[in-house]
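Pasting in a structure now, in structure tokens, and then I'll have a few things to ask.
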Amino acid sequence: MIVILKPEATEAQTDVLRKEITREGVIVQEIRGDGTRMFGLAGNTSGILAESVLRHTFVERVVKVSEPYKLAGRRFHPADTVVELPSGHKIGGGELAVIAGPCSVESEEQILSIARDVKLAGANFLRGGAFKPRSSPYAFQGLGLDGLNLLKIAREKTGLPVVTEIMSQEYCDVFARDVDIIQIGARNMQNFPLLREVGGLGKPVLLKRGASCTIDEMLQAADYVLGRGKNSVILCERGIRTFETATRNTLDLSAVPVLKKRSHLPVVVDPSHGTGHWDLVWPMAMAAVAAGADGLMIEVHDRPEQALCDGQQSITPLLFDRMMQKIKTIHDVMREDGERYGRKRTTDDAA
Amino acid sequence: MIVILKPEATEAQTDVLRKEITREGVIVQEIRGDGTRMFGLAGNTSGILAESVLRHTFVERVVKVSEPYKLAGRRFHPADTVVELPSGHKIGGGELAVIAGPCSVESEEQILSIARDVKLAGANFLRGGAFKPRSSPYAFQGLGLDGLNLLKIAREKTGLPVVTEIMSQEYCDVFARDVDIIQIGARNMQNFPLLREVGGLGKPVLLKRGASCTIDEMLQAADYVLGRGKNSVILCERGIRTFETATRNTLDLSAVPVLKKRSHLPVVVDPSHGTGHWDLVWPMAMAAVAAGADGLMIEVHDRPEQALCDGQQSITPLLFDRMMQKIKTIHDVMREDGERYGRKRTTDDAA
Amino acid sequence: MIVILKPEATEAQTDVLRKEITREGVIVQEIRGDGTRMFGLAGNTSGILAESVLRHTFVERVVKVSEPYKLAGRRFHPADTVVELPSGHKIGGGELAVIAGPCSVESEEQILSIARDVKLAGANFLRGGAFKPRSSPYAFQGLGLDGLNLLKIAREKTGLPVVTEIMSQEYCDVFARDVDIIQIGARNMQNFPLLREVGGLGKPVLLKRGASCTIDEMLQAADYVLGRGKNSVILCERGIRTFETATRNTLDLSAVPVLKKRSHLPVVVDPSHGTGHWDLVWPMAMAAVAAGADGLMIEVHDRPEQALCDGQQSITPLLFDRMMQKIKTIHDVMREDGERYGRKRTTDDAA
Amino acid sequence: MIVILKPEATEAQTDVLRKEITREGVIVQEIRGDGTRMFGLAGNTSGILAESVLRHTFVERVVKVSEPYKLAGRRFHPADTVVELPSGHKIGGGELAVIAGPCSVESEEQILSIARDVKLAGANFLRGGAFKPRSSPYAFQGLGLDGLNLLKIAREKTGLPVVTEIMSQEYCDVFARDVDIIQIGARNMQNFPLLREVGGLGKPVLLKRGASCTIDEMLQAADYVLGRGKNSVILCERGIRTFETATRNTLDLSAVPVLKKRSHLPVVVDPSHGTGHWDLVWPMAMAAVAAGADGLMIEVHDRPEQALCDGQQSITPLLFDRMMQKIKTIHDVMREDGERYGRKRTTDDAA
């Protein structure tokens, strides 16, 4: 941590601050010259909150040197995390995880038919919303617990583990019992009580990036979940909100290599919500795999034009099948490229 | 609603769509010429969801003509809503509501002292966080229920109604009993189960704008709360997330007149979170009142440099007191300007 | 400047860097402990470019402590700059500068009529576009040199100094001769050859903030203009691009106090472009003055419904006149509040 | 075009408007019912400007149905444009164009060495800045005309056509003579006089997307260039400005398929500026090709740690060489996927 002081700070003031921040394990060094004054802090500064320091009116700015997250970071956990379900299904570790299915569960027939189709095409996880967060209170809100039951039936018939979104703490017990991977949606990425509660359920959590959340905030949210000590987290890039209106969100694919550098957690990409248009799903799914994603989350619907939700961004099982063939080829090319992160740049290193 | 069709749409396809959207009370008119084809819909189109129409691959785009919100809109509720508490305190209707207090409740002494100071300076509501949403799991999370109790004590001693944030459905009963105005924070603006639940508690709700939410999404969120039929809502602009880093958020003051035009609900502004810097609070508080806000929400702390949360954006009681004097003058100037919204522009009208 | 090193940096590497950055007048201090390593630099670091340091692969991050601008900053120029024209008209220094007029000059009759009306209402500068930057090549592009001539006529008849936009270096001579304050539009804020050229003309420059430019980038652009040593600059906030679509841009009024803190240059606000809607101009003009702006730039048109450009954000002379009366009252209230920036927060200071 | 009227519009008012917009070749149809009133316009509406209509205070909103660009759009030019130089080098049409080289030309030795290296690795165009737009007036501004001469030497020795940025109209003649593809940088994307002037030079133009410009604004800017009738344009996505600070810009790869759908022009991607970090260039270059880009623009420097500009985002020739091998593999996979845009979604179509 670096504390930049205002030029007018008095000795008496900086003495007070110096005492506050000096503690065992922390080295405080003053740097000054020509109008610049700062304290450089090294060592275990985790107990010193930036905002405690900023409270002093003679402090200009505080710069954090260490990362604001711990459990999700690579620093103390350098090896890649592979999330493995009791059924043996994995996310991370070289295999491509493909989570596919409809935006919403609508009926037994619908979910079964789509689940079978996506499995045949190569998906290894089934998605489907039972509880749907909708901007408008007048839009379809999902089948709720009935939807969860239909997902269970689909799992029994196909063997695909189920990924579905939780919106409220009141259903934690049901989700812990019935769902294989619990999704926290973008709008709830900073619903901290929900993160904590879900963190205690002993099930992997798929954490979607909030539409206006930075990568570091996403990793802090992961720390909320991981702090309960029983869970693993899968990070999901699904687009951020920008001024561009040609797409529903702006899919930030550079988040994939940034997350892989900063965190040991697996990273999947949702090009359906990330773009909002079915005909952009294919190219962005390819691009996500080429960028190094560990998996994809894709909305598939057998009759998109009759879907109760997000039909415009769903692709048909047939198109999904053709896409999967291409994606496997791209993934094979990328896999040979295993050691890519941390690759050195200089002449000697790259030799 | 207008449905713009792709040039290649066939008669058979548009016939299907026309049947789907034709119903009692809806007028469907086709417009075509020179490569352009569209359906214009008038009448009661509330039953036709844009996304149901967009599901058709031959539909280019859907443009909504009517507003996506109902209960929060001026259309069916032209008169300004004035929120009145049993104690007689009001928000809206010409008086300036000033909600002031610390970011977090820290101790009985702290909250009592600040409450007395802000009341003396002219605040008519007390704010103070008991449950705090924090990006980092390692930051102070608030005193919880103990904080609520301290707020009750402060209310008893000062008579100021209490505004505080709810973060989880599990505390709804306590909030319904102990809190005068229940705040939904920016991060929970689209926590729909919470909105619904709080909407049923019979207490006014102060709804903060999400950092990446549009004005229309905010009004849709208000519809979630109002839909339970027992509540009133106060809208709060508190800054949106942009690329600018000089301020914590970008306070969108133009949201004030836009909200006043579109909605009948009172609008308050939080310049503390909106800017993140105590020395920007004064000018932006003045500006908010000049822009037509019905009230302000201000963080005040007697020892900002020792605050457990947001000290850098808190002002002292003394500065608050001086600011209040100016603000009253500005508000008096604005009040004479009562009929300003809907003011006509043209020569005749303005005469 | 602070240079944060990667934990894996070798002694040999950091030695190379240390030699590079050590020079007369610069103090380099190393801080290290528990995995953290950094160099703190104090003194005259202006010769050390962040990117030269960042080129080293073992450098994690560079944090600039000193401001990236010089001439525009308050540090070496603490007193407020007042821009004064030969005619005696001033911007800054306590009087409110009101620059009003049509978006585009359309005809002699139009510009004369509007110039007279806005002068009567209290404007002290005339705006009017002769060269218009338009997103579409198919839109009206301004009258060009003919427009400049009409502005000269209007100045002769009314005595109002003329503010108008330059789009290309080729017209520098004409602008230097005929225009009182040369405007650099938002789209040209980072057109560096134009900034330099205009900086040499000896006329005050009104510099509009680019729609996606930070406050610090704006001050760097001002440094380009001021670097020629002959000019003064007036800064103009006119809205930034965000995700919100209810307004044409998001007017960032907090930029006013931030600019006043960081810079000695006068700051004006353009609520017409900042909002894009005539009925938002009034409240945002009031708010701008309350936020401490030194002036306003307002589009006025006698027949907005027939304007060749931006009619939807223009107000009529009559409405402008009524607005000016209010604005003067607000400005009087604010003027008593002279010493507001740098106001102290703590108990003693505020007493 | 659709004109949505305010409910309070009078017959007299709408009659005025109807007359204004009715003309040969335009069909005007009124739609009304239950508080909704609008005019739907079909036919050749190109002569009717939205803002002319918006000037009427009784008009609520105008929705444009047709695209705001013409020459750059697919509608009247369905076939892909392939830009071909006299030397036979092509951009578009199935081959991958790789434009590589240093950020800035620094010396003859430097540009020659890098040019040879990138050619060997498979680049088919040479980039190198002679005139550099820099946010700070204190940063290196490029070698200017000397830099252009060095680029010519490099072209002679390697046969690689030269792509370099023009910043000012005053150098148009030199660029027309000496440069193979003239680059318009992001900061000049809406420098309309420059666009027009460069459009008349008879050389292909590489147009970079402005950091806060929408896809449609980019295509309008292309129309400025194409309007002179002598030029072709290559579109370049290079990142947009968002709230995320982990990367220099947010590379919007979904712009690639959107641009390919809307426009016939070739699309290249610049992952160097798009990310700002050399170790993100590799994954994003791969992703760009997988998303369907026609080419890449990559900053390569033999000694990035000594580069005069943008060293932190430059890769070494050796890393570039390894990357090129992977990229060719990805491109081969994608090429088999030729007919991908416009792919049908429904069951029958996808069969």
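As written, the chain order gives the labels A, B, C and D, with residue 1 at the start of each chain.
By our rule, a contact is a pair of C-beta atoms (placed from the backbone, for glycine too) under 8 Å apart; a residue touches a chain by one contact, two chains touch by 3 or more.
Quick caveat: nothing in here was measured; it's all calculated off a predicted structure.
The chains touching chain A as well as chain D are B, C. Taking the mean Cα position of each chain as its centre, C sits at the greatest distance from chain A. Here the C-alpha atoms of chain A line up with those of chain C after a rotation of 180°, rounded in steps of 5.
Chain D has its Cα centroid 39 Å from the Cα centroid of chain B. With each centre defined as the average position of its C-alpha atoms, the distance from chain C to chain D rounds to 28 Å. Residues of chain B found to touch two or more other chains are 57, 212, 241-243, 245, 278, 304-305, 345-346. Here chain A touches chain D in the complex through residues 212, 214-216, 240, 242-247, 250-258, 261, 274-275, 278-280, 282-284, 286-292, 302, 304-305, 315-316, 318-319, 322, 326, 329-330, 333-334, 337, 340-343, 345-347, 350-351, going by the rule given at the top. By the touch rule above, chain C contacts chain A in their complex via residues 2, 4, 25-27, 29, 31-38, 40-44, 57, 63, 65-66, 75, 241-243, 245, 344-346.
Residues 46, 49, 51-52, 54-57, 68-70, 133-141, 167-170, 187-188, 190-194, 210-212, 217, 220-221, 223-224, 227, 241, 278, 304-307, 309-312 of chain C are the ones that touch chain D when the two sit in their complex.
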